[in-house]
Each structure stands twice: as C-alpha cells, then as structure tokens.
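To start, I am sharing the structure in question, which I have written as structure tokens.
Per-chain numbering from 1; labels A, B, C, D and E assigned in written order.
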Amino acid sequence: MDEIVKEEIEGNVEIIIYGIINSIILSLMALGFTLVYSIARVPNFAHGALYITTGYITWILLNKLTGFPYPLAIAIAICVTAVIGALIYRFILIRVRGMEISEIIATYAIGLAILEGLRWGGLRGGTFTLPPFISGSVQLFGVSVDYQRLLIVGIGIVTFACLYLFTHFNRVGLALRGIAQDERAAMMLGIDSDMTAIVSLAIGSGLAGFAAILLLPLGNIIVEVGYNVLIFAIAVCVIGGLGSWGGTILASFIIGFAQILTEAFLSTHYQMVVALFAIIITLLIKPSGIFGKQKELEERV
Amino acid sequence: MSEEIILSVQGISKTFGGLKALADVGFDITRGEVYGIIGPNGSGKTTLINCITGFIKPNSGRVLFKEKDITGWQPHKIAHIGISRTFQIMRPYYSLPAYKNLIVPLWSPRAKTTGGWRGGGKHGDRDTVAVDILEEIGFERDSRVPYKLASTLPTGYQKRLELARCMAMRPEIIFCDEVFSGLSMSEIAGMLPLIEKMKSEGITLIMIEHRLRELFRVADRVMALNFGEKIAEGESSVVIENKKVKEAYLGSEEV
Amino acid sequence: FAQEKPIVIGAPLATAFLYGWDAERGIKLAADEINTAGGVNVAGKKRLLKIEVIDTRDLEPGVPVADALLAVEKLILEKKADFIVGGPVRSEAALAAMDLLSKHKKISILTTGVLTPAYSKRIAENYGKYKYCFRNSSEVPPMMGDFMALLEDLHKTKGFNKAYIMVQDVAHARAGGEYMKKALSEKKWEVVDMKIYPTGTTDYSQGLIDSGKKGAQILFLWMDMPESAALLQQWSNMKLKSLPMGFMNAAEQPGFWKATGGKGEYMIVNLVNGGNAPAKITPWTMKFVEAYKKKWGLEPEGYGTSSSYMAVYQLKDAIERAKTTESDAVIAALESQDFMGVYGRMRFDKKTHQIIHSWDPKEGAVTGMIQWQAGKRVQIFPPKVAEGKILLPPWMK
Amino acid sequence: METMRKERIDRGVRVRASGLYAISSWREMLYLMGPPLALIIGVILLPVILELAPYWKRVINIMCVYALLALSFDFLANYVGLVCLGGAFFVGVGGYLSAIFNVYLHFPVYLSIPLATICGAFICTFLLMPCLPLRGVYFAIVTLMYPLLATRVIEALDILGGTNGITGLDSLPNEYVEHYAIILMTLFFLYAMRRFVNQDVGLVIRGVKDNDQAVKASGISVTKMKAFAVCIAAFMGCFGGAYMSHMYMWSGLSMFALDFSIIPMASVVIGGGGTLLGAIIGSFILVPLSEVLRNFGTFRIVIYCALLTGFIVFKSEGIMVYAMRKYHQFERWVKV
Amino acid sequence: MFEAREMMVFYENMIALNNVSINAPDAKIIGIFGSNSAGKSTLMYALSGIILDIKKKEEMRGGERISVFGRLFLNGDDVTNLKPHLRAKKGIVLCPERRRIFPESSVMENLKIGAYLSSRLDTKNNIDYVLNLFPRLKDHLNRQGGFLSGGEQQMLAIGRALMANPTVLLLDEPLMGLSPAYMDIVVKGTKEIRDTKGITIIVTEQYARPVIPIIDYGYILENGSAVLEGTGEELLNNPDVKSAYFGV
C-alpha cells in the first residue's frame, strides 16, 4: 500500500518539476513577443525568425571560427538580432504603423523571408546544435533534471521579475505602456513614439534571441522551431491577456501543464489537441485573456 | 397629457469592485414627460441608464416598462420595445457618412414596425428620411455636413448625431446622456423646440445634463443623484434649492 | 549530327529537406553518369537525360498539399516531363498525386519519403487506374520485419524482452509504432508503453524517465523530425539502460555525430535502403558511395539517396528494353525488370509495383540497417551483408 | 512657393455617378464602366488566352480560389471588423464535406459542391458562434486555432482518412467547366459583395464594425448580424474548398493549411483593404507571382516575401485605393 | 510668448482654418470660442503638432490630403516643423478633446505617464496638486482609466496635462461633461495656475460663459476664421457674441 502511494507521489513530482520547466520555457518563448506587443502594439510575427537567427549566428560563430568564446558569440548574436529588430521597425513597420493587418503581414513576410532565407543559406537538416552552458544532470526529488533546464528556470524567473518591475514602476516603462494604448495621446505628453517603438522592437528581438540562446541547447536549430515558437508565443501572450506579464506567466503554466498532464495521463498524441482546446476555452470564458480587460473596456459605454 | 406611468425603476443597486455606483435608486416616469437627472461627476447617472437599458446588469432592483418587467433583458430587446439611448462617450459609425449612420436604426426591426421617424423608413427612401432627421436636429441640409464621414465630424455634430440615431427608431423613451455639452448656447437654443415637439408627440425624454439652465427650461421634473443615491426629486426649482444638492453639485456656480 | 530530343525526368521534391535534397543529388548523379556514357539508347537513338527539379515545399508545415500537386502539374504540363522520379515526399501528397499521374498517364517512381503501405495497396486495388505508379524504396511492413528479426536476435543473445516505443505524431510513424507493438507482443515481448510525440517536441524527459523506471531495454523510436536528436542527448545524459533503435532521420545523416557531440553513439538506425551508408552489399554499392562522395563532397545522407539514384537507372533499363518512352510499354518493361542494383536485386512486384524486398541482395532489395559506432555508420543487418556486430553502451553492462 | 498646395479634384463623372441614370454621354459611361468591364472580360477570356500555356491555365483556378478567400477575408475584416485568420478552416470544412458527399455518399459533383458549400457555411457559422463575442486579436487568434485544432482532431482520432486524406473524388467534367465554375463564381461574389456592402443590411453590418454597442442600442442583435456575415464569408470559403477538393480529386489535412489563411490576408493588404476588388487584384498578383518564382527553388519564398514587403511599404494604402484615387481624381497645384 | 502666424489648415479641399493668427503672451489666458465646426480643435491640433501626425497617418492610408501652413513661434524660436513630442518637450502640452486618457492604465499610472518629462520631485508635487484640485480622483487611484465616468475622465485628462509641467497649456473644451462644481474648480484652477506658475493657457470652449471672466484675451472663430478678438470685457459686450454664446 505504502509503496503504491510513494510511487504515486514520485510520479507526480516529475510531473510538477517538468511541468514547471515546460511552463517557464513557454513563457520565455513568449517574452519578446509580449514585450513588443505590449509596448508598440505591433504583433511581431517575425519573432520566431529572430529566435532562430540568434541561434544560427551563434552556431556560425562557434563552428566556423575555431576557438570563438561562447559567451562572446552569444552577446554578438543577441546584439545582431536586436539590431535587426530595430531595422525592421525603422524601415518597414514605421510606414504601416497603426494598420494592424498590414503590420501582421509585413512582419510575417519578414519572418518568413528570414527563415526561408536561412534554410536556403544552409540551415537544413538536424545537425545544428548549441552546446549547453553546463552539461550533466542532477537528481531532484528522485527525478533527473539537466543543469541547463535548471538554469532556464532560474534565469526565466529573474528576467520576468525585472521586466515586470521595469514596465510597472519605471518612468520609461510606464511611458511605453502609454504608447501602446493611445499613441497620439502619448505624443502630446512628450513621448517619442517612434523611438520607443524602435527600442522596444530591439529589446523584444533581443529577448527573443536571449530565449533562443537559453532554450536552443535543449534541441536543434531548425527552421520549423521558428514557426512553433511563434505559435506558442502568440498563444501564451493572447491567453494571458495582451500586455499583461502576470497573464503571460499564468498562461504558460496553463498550456505547459496541460501538455505535461496529457502526456502523463492521456497520451502524448492528444497534447496538441488539449493545448489548443485549452486556448480556445480560456478565451471563450475570459474573452480578453486571463488578465486582459480589453473587452470590458471596449464595451464600456 | 395622460398620467400613465411608462417607466418605473425600483431599487436599482450596482457596485463595481467595492465602489457603490448606485444604491437603491428608484423613480417613476409618466408618458410624455421630460425628466432630468443631475448629479456630480461619478455619481452614477450613466450607470443608471446602463442598468435600465440593459448594458449593465444591476445587482438588484427592477425596471418596469409599461408594467412589464424588463430587468436583465438584452440591450437590443430593450431597444426594440421602444427605449433608446444616446451614449455619453460617443462613437458614431466612423466609416459611414453621417446620414448613413441613421440607416442602422432605420433598418432595425423596431423602425420597420413603427414606420420609423416621420413614417418613412421603407426601403429605398431611408436616405431621404435620414437626411430629414438630420436637418431637424441641426445639420444644414444643403451644406456638406450630413454627407461627411462621421469620423471627420466635430464633436458638436457627433453629439447631435447620437440623438438623431435615437429619434430615427421612433422610440417611446429616449435617454439623453449629456447631449447639450459640446454645444454652444445658441445651438442648444436651436434644439429646444425639437425637444418640445418630441414631448408633444408623446415621446418621453430622460435627460442627464450638467447645463442646468438649458435643462430647466424643458424639464418637468428633476432628480439629483450623489454617490449613487437619490438625494432629491421634484420640480426643478425645488430641487435646485435643496441644500444637499447645492452642496454636492453646484459649488459656487450660480445658475 | 542532330541532337535527339532529351528525355525529361521531372523530380518534384521538397528540396529544402533532407529527403528532398539527397534525392535530388542521387538523381543528378545518375543522370550525369548516364549522359557521360552517351545517354539512353531508345530504339537505336541515343537520347540524353534532362532533369527538372521542382521545389514542392510539401514537408513544410502550413503549406497545402495543393501546392505540391501544382508543382507536379507544372512538371508535366510546362516542363513536359516524360517521367516523374522522386516525390512528392509527404505521404498524403504522394497519395493525392496518384490521381493526377493517372490523369496525365505519367509513369512515376517514388523513391523517397513515402513509406506508407497504402500506396502499394491502392495500386493493387485499382491497378488499371494507378498502374503508372511505382516505388523502389521500402515500405513499413518489410522494415518492421527487419527490426523484428534484429530484436529476436537480441532477445536470444542478450535476453532483452522489454521495449518502450516512442514515435512521432505522424501517420507512418504511428503506424510503425502500432505495428511494432503488435509484433513484439506476439513474440512475447513486453511493450511497456507507447508514447506519441507531436512534431517539434524537444523534451522527452517524461517518457525517458518512465522507460528507465520500468526497466525497458529497447527504446524503439520512429521520428522524422530533426528535434529527435534531443531525445538521444537526453537518453545519453540520463545513462538509461536501454538501446535506442528505430527510424530517425536526424540520425541518418553523417552530421549527426557532431550535432549530438557523440551522444548518439549506439543508436541503431534503419536507412530503409542499403547503400545510404558505406557498405558492401553489391559491387555497385561502394562504387555509388564513392561516386557520390566525389560529386557532392560527402557520404550519402538520407534514405532517399540510393533509391533515387537507382530509379534513374531503372528507367533507363526499362526504356531501353521497351525501345520507346510510351507509358504502357515502359510499364511492361519495368514490371519485368530484373538486374543487380546498388542495394540488391531490382525487381518490382507486378501487382503492387513495390520493389521486392529481401535479406539477401541476390534475391531482392536490402535494407540499410546501421549502428553508430565511434562516429561511423556501421551496417549491422541483414547478416549476409553485416560489417559489424551490435555494441551496447558501456553503462548497460 | 510655400503657399502652394496640392489639390485633389474628383473627375466630374464620378460625382454624378451616384445614380447610374445620371450619366449622359457614352464617354462618361465608358469611363465608369471601362475598368470593371475590362476586368470581367479579361478574366473570362483568361482560359482561352492561356490555351498555349496549359500549366498556367491550372494556375487560374488556384488564383480564383485564393481570390474568393481574400474576398471573404476582406469582407470580414474591413466590413464586419472580425479579423478572421480561419480562412483555412472554411476551405477545410468545404473540402472535407465535399469529399464526404462525393466519396462516401456517392453524390455527383454538381450536387456535392453546392451541398458542401451550403452545409459548410452553416457548420462553420455554428462552430464559430461561441467566438463571436470576442474582439480584435482575440478573435483572430481563436480562429487561427480552429484549423489547427481540426487537423489535430482528425489526426488523433484517425477519422476521415486520417493523415492520408480522402482520395478518389470525381474530377469536374471537363477543363472548361472547371475554369468557368470558379471564374464565374469569383466574379459573381465580387460584384454581389460590392453591392451588398452598400445595401442597408451591409451598412448595418459595417455599423457593427464601428460600434456594436450603438447597434445594440438601435434594437438590432449584434450576434445575429455577425453570424450572418460569417455565414456569407464561410460560404465563399467553403465553395473554394469544395471546388479545390474536386479539382485535385483529393481532400486531406492540408486543406487546413496555414497558407489558406495567410495568402488571402496578404492579398488584401497589397490590394487595398476594404475595396473588395483589391482583394481579388491582390491574389491575382500574388498567386502567379509565386508561380513565376518557382524557378528559384527554395529561394523563391525569400524573394516572394521581399516583394510582398515592398508592396506593403511603398503602397501602404493598397493598389486599389491608389488606383481608384488616380483614376477618379486628378491632382493639381493651387495657390492658397 | 507663444505665437501662431497665419495658420491655415486644409482637409483635402475644405478649409478648416483660414489665416488665423494667435498671440499668447506669457502668463496669460487666451480664450477661443466658436460654435460647432468652427475649427477650434483643428487649431489646437495645429498648435500642438498633432495635425502633423494626423496628416502622416492619412497619407499612409491614402485618405484625404491635409495641408498645413503658417508658422509657430515659442519665445522667438520657430517650432513650426517640430513633431508633437518635441513640442511637448519645449512645454507645449495639449489636453485633447474627448479625454483621450490611457484606458488600461490606472489613474495613478495615467498621471505618472503624464509626468514623463518632469523630474521626480516635480512629479510628486504635481500629483499632490492634481489630486487636490480633483479630489474625486482620489477615490479611484487604482481604477483603470477606461472605467471612469465621463466627467472623471475629463478631470484625469486635465490633470495629466498638468503633470507634464507645461509652459503653454492647450485646453480643448475642458469643461465638457463636468458638473457645475467641477467647472468652477477648473476655471478657478486655470486662473490659479496662470498666476502661480506663470503658464500660458489657451483654452477653447463652446460654453463661453464660465470661461469669459478669467480670460485675458479672446478670439471668436467662425468657419475657420477669427472674426473677432478682444479682451474678455470687449467680447462680453459685443452684441453678436452675447446672443450666440451667452444665450440671451
């Protein structure tokens, strides 16, 4: 009897541990997207492409230049991505600002161009990987977890805390939130919307790259990951209620645990079905995401 | 004028996350009356209308329209039986020209059954009817104003468009939420006869206003709200002399 | 000396993917060889081969199969292809293309990507309509037979009897998994569990931990997504006492070793057709591998290589024997074809138009079953052509 | 110099053209009717013109399917305010229904396509009903999830042919029926929709986009109007899907492919949102463009996207908006 | 000294402002009155530079063409071509009509966003000042701006503009939707700000009566042209103005 109970608990421990890891991974993926959306109100569909680009640049630096230090490669890659993000805004988005559908298509097209360009330029097949920061694994409550994943959890939590503090208490952060809501009103108060949008795209892209650097050692650098990351980022960000950090985290936990739980109790088979259902149902119950107030605000008369 | 009570509001309460926006507000209105609602900002006037017209579900209380309980109905059902309203925060149909804005109410099932304003509103001549209504409310027929995109209209015209939208449905009760603000004195003066006319046609008007001078010229009775509570009701001259009203509402501004 | 009109071979391939680009290289290599040797002898006239490759993108997510079909039509209508070789690569696209092929009466030899038995089944069921379709690479049932033989062998020598199945959430992989589960249960193996992973999964820890706890000795994998390399990394990090084997495109490529930092060692991979890794199956095998290396600078990569290469030779042989490029005659010639190719004897089944499979290269087409050993792909099955023994990871001893 | 400004003036004809009867001369008539006539005749003649390039004839069909989808997207997004990324869902439902009718129930083509279209429209509307209260991006995302979910469900439950799809549908009787079925439908829907959005019902639907609260306050059920609009859009999408499944004699999971949602959207953007005609023009540019670029192999998507981005950036208002302005108005410098 | 010379604005072919020149000396209140569509808001947009942004957006959409002419000087500097946020940096702050507050941010955040350009200390003082001016806002500090009542939003909008430490404050119909008591507060407050902080204030109103007593100079706009100007007294005594704006 006791044996069985113990086993049950052990089984659940691993669900909890990997559920948390999975959720944090998801929220990291969504980070850049959420940031850009909540500040510039640009749905950056090039998010996934930027994610992969960072990984690929790092890979090139590490593999084509022998003995290139890993940290430096990471820094360069993130910077390059940030610059790309800024350029995308400066030269393309700036001209379709405020036209949502155009923005979506423009960023999507850019993302697609980058991804397919990388594929064309040689990013094919399953041979591109980044080394983990620290290899090896450790036993946590009897479950084996590799260091990289632990690192991800730690860094993820810290990043989130920083971003929350930044956008909610910092003057600039607040201003950024203002722009997102009413650009023209923000202008009247002396906030330079174009500049901040450029910066936010740069930061958002940088964050996408940052997440990529953390997460890619777990898998491969392949183009399809770009699409997946994008879908998850959108899903997490929307379910949470656009622009709400708390919501983003909660949403990643919903999807993350939905996935792990289906894997454990139903069948991996249904993982995606359950995740998609979770998304649809959450939105039907809370029409503007978990912490979003969009609908109530728009329907206020 | 008949003494028929057309709308009876009983004990409406509403709280928003701890804030008591309305506390047990009730009143009766007879057909053809002009009833004013005044009160300081945030006293719950708009919320009261929202509760009556179904845009918000009240926590408690009942709304009777011609003795029929309409509490908690869908807004469009309530509008259909003849209670229409303007919005304080006006948002006309921006992508349509001003006169096409009126097609929506003129097309609505209600206008179809009542024949709409001035009996028109059949298919085809809705446009003409729409321009007629707009003219009546102060859009000069021959100018370009009625044909402009609603998004380019200045505030004053947008306010009037709100009222026109209500009139087009040929309702029995119109709730006006601050239609006079944003209009100059002479423009308001131009609209007063219209209100008189509606009144004589048996349309009941409930007006929220901060422009008391103009309101008192037309209102038969006035109610004052403060912090969601009814603090006075009656003839305008009486209400305005009420001490509570003076304190809460008027400040030092003389009327 | 008037140049004869070349024979146009259309190759609809997802060229941005392993199974597309390796097939493209295989086809081009064969065509080059034939053209240098003077071309195809059609009733006395030497005609050169012209290869038209078109990108179908059909392995990409979000791209409709219609796009691939349009590509096939483009080959037929605009490029005036006489034969279709290679793809479409994705099963559903290939199945959907069958109708088009029969509408245009074009012979096609499918060489890569599609493993589903539904393909040959449909040909058998409606021979009159689908007789234009051939497939010279293996399909799921014989591949499974190979795996079973291998496992039975392990059962006898090492006493293994517990397997854990992990497959990708796509039709052929799920079918493979189910098939394996049934076959193993019949042979009194214990199939601990079967997990189906959505495409793009990078975290397999749940399943791996589970398999470790339940004492599985064989991890049977069936995945054709690059992320599956992560599975082996996790497996190796956890030092699980099990031997991974299966069908996994990430592990087919020579670059796999470097990508996993050697963590994929001991993985047993089915390359579907022999010759996709260096081996001595027939005299032609190493010749092919060398020629391929010479032309493209690396060893054959994915499973579509040797078969695509052979398909061109098979067509050449059939055309020369039919003395025409007319579809019906060539079909008859293909049906009666019999010669030694890169991965064994090349014969099509007359009813299903499926290449005949065997463990003996003298009898039919042979599987390429390899194990990663010290950075090399070593052929370990079938016994007749094996070049090495199966090794177990050191932590399993 | 400083006090010059550019003025735009309507070319006289257009002002008078609000009622057709006002037009007096042939020249004016031609001026007004010219472009639409050119379009109609051009599209109808397309299959004949392209007789020599059989492959391109096939492309016409696909082009028209995308045009229909773009039309449906444009209508929903710019007239109803529902940014629906579920174009693929309409296609998929239409395609599968048609396949079911044709293969499982053995209905002939000329029955299965209309039936699939009508039933599809109702099924899609019914399934999208719960999402109608959603707004903006949220609606977009949920509709994006619908086709994904549909594929996953079919895949997981292994119904309707599973991942292999349903094969062996009847093809359309002959090539010309195949061309004209879709061409005429596209033209029909284009002009029907253009009329529709200016009818009174159409105006009400446009009102819903701008301010649904006010529509409610006018006694009209917003949900009903939205459902009605979605039904119309789904009708077009399902027709496209049903048609396509017969064209390829096959229906499968990739009927729900993301491209069916994205390319129509791109067409609308480059064609000019809210013009309807722009949606058609957009897909008539984008689809052949993608075919032309096919020779570039893998690189084609990069060029394609670059061109698309170029269009968006340099003609951000859309081709049609630009063209209509140039056609109907002229500009001149005047002194202020 | 804030000066607008010969401002002209065309919306496509329609002239919305016709040769309007405005002089706003330091620490004075300038009133601008006019009926509907006189062009008051247009003037405010032109002064604050928002019109440039409107123009840009219209061009992007291929809509109507907006042309702006005339010159603006702030203390002698030409600010005609400065973007709105740069003008705000120079102290020209607009409190727009229709209370465009940030609906998703709380009242407090709205105020803090308003203080983007001012220092920490100023911010603190200004918040106190605004909350004293509009005690009603104190009850709602954590409520999201979009949920406030119409009048409360108006107060918030005015308060937010004050947070930016303007030197030239543009108020577009500040009294709209305010109850008499609050109108009074705003009017008195306006005067007090001018006196204590020395801010130049330009205020437009339809409802001229409460504003007239505090203005130093006023303009009457009609159909885009300034038809009359003068001190408050002068305007008040003009018979035409009297009937149109004070309802006799």
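FYI, a contact is a pair of C-beta atoms (placed from the backbone, for glycine too) under 8 Å apart; a residue touches a chain by one contact, two chains touch by 3 or more.
Small disclaimer: the values here were computed from a predicted structure and weren't measured.
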item	value
Chains contacting each of subunit A and subunit B, listed by label	D, E
Co-neighbours of subunit D and subunit A - touch as defined	B, C, E
Chain whose mean Cα position lies farthest from subunit B	C
C-D or B-E, whichever has more C-beta pairs in contact	B-E
Geometric centre distance via CA averages, subunit C-subunit A, whole Å	36
Inter-chain centre distance, subunit B versus subunit C - centres from mean C-alpha coordinates, in Å	75
CA centroid of subunit A to CA centroid of subunit E, Å	42
Shared-contact residues (touching 2 or more other chains) in subunit C	16, 61-62, 169
Where subunit D touches two or more other chains at once, by residue number	156, 213, 262, 297-298, 301, 316
Multi-partner residues of subunit E (at least 2 other chains)	60-61, 147
Chain pairs in mutual contact under the definition given at the outset	A-B, A-C, A-D, A-E, B-D, B-E, C-D, D-E
Subunit A residues within the subunit D interface of the complex	43, 91-92, 95-96, 99-102, 104-106, 108-110, 112-113, 116-117, 119-120, 231, 234-235, 238, 242, 269-270, 272-273, 276-277, 279-280, 283-284, 287-289, 292, 294-295, 298-299, 301
Touch list for subunit C against partner subunit D, complex	15-16, 53-55, 57, 61-67, 69-71, 73-74, 77-78, 91-93, 95-96, 98-100, 103, 116, 118, 122, 169-171
Subunit B residues touching subunit A - in the complex, by the definition given at the top	46, 50, 55, 87-89
Subunit E-touching residues of subunit B, taken from the complex the two chains share	16, 19, 38-42, 45-47, 88-89, 144-145, 152-157, 178, 181-189, 210-214, 248-253, 255
Residue ranges of subunit D touching subunit C (in the complex, touch as defined)	53-56, 58-59, 62, 155-156, 162-165, 167-168, 171, 244, 248-250, 252-255, 257-260, 262, 291, 294, 297-298, 300-301
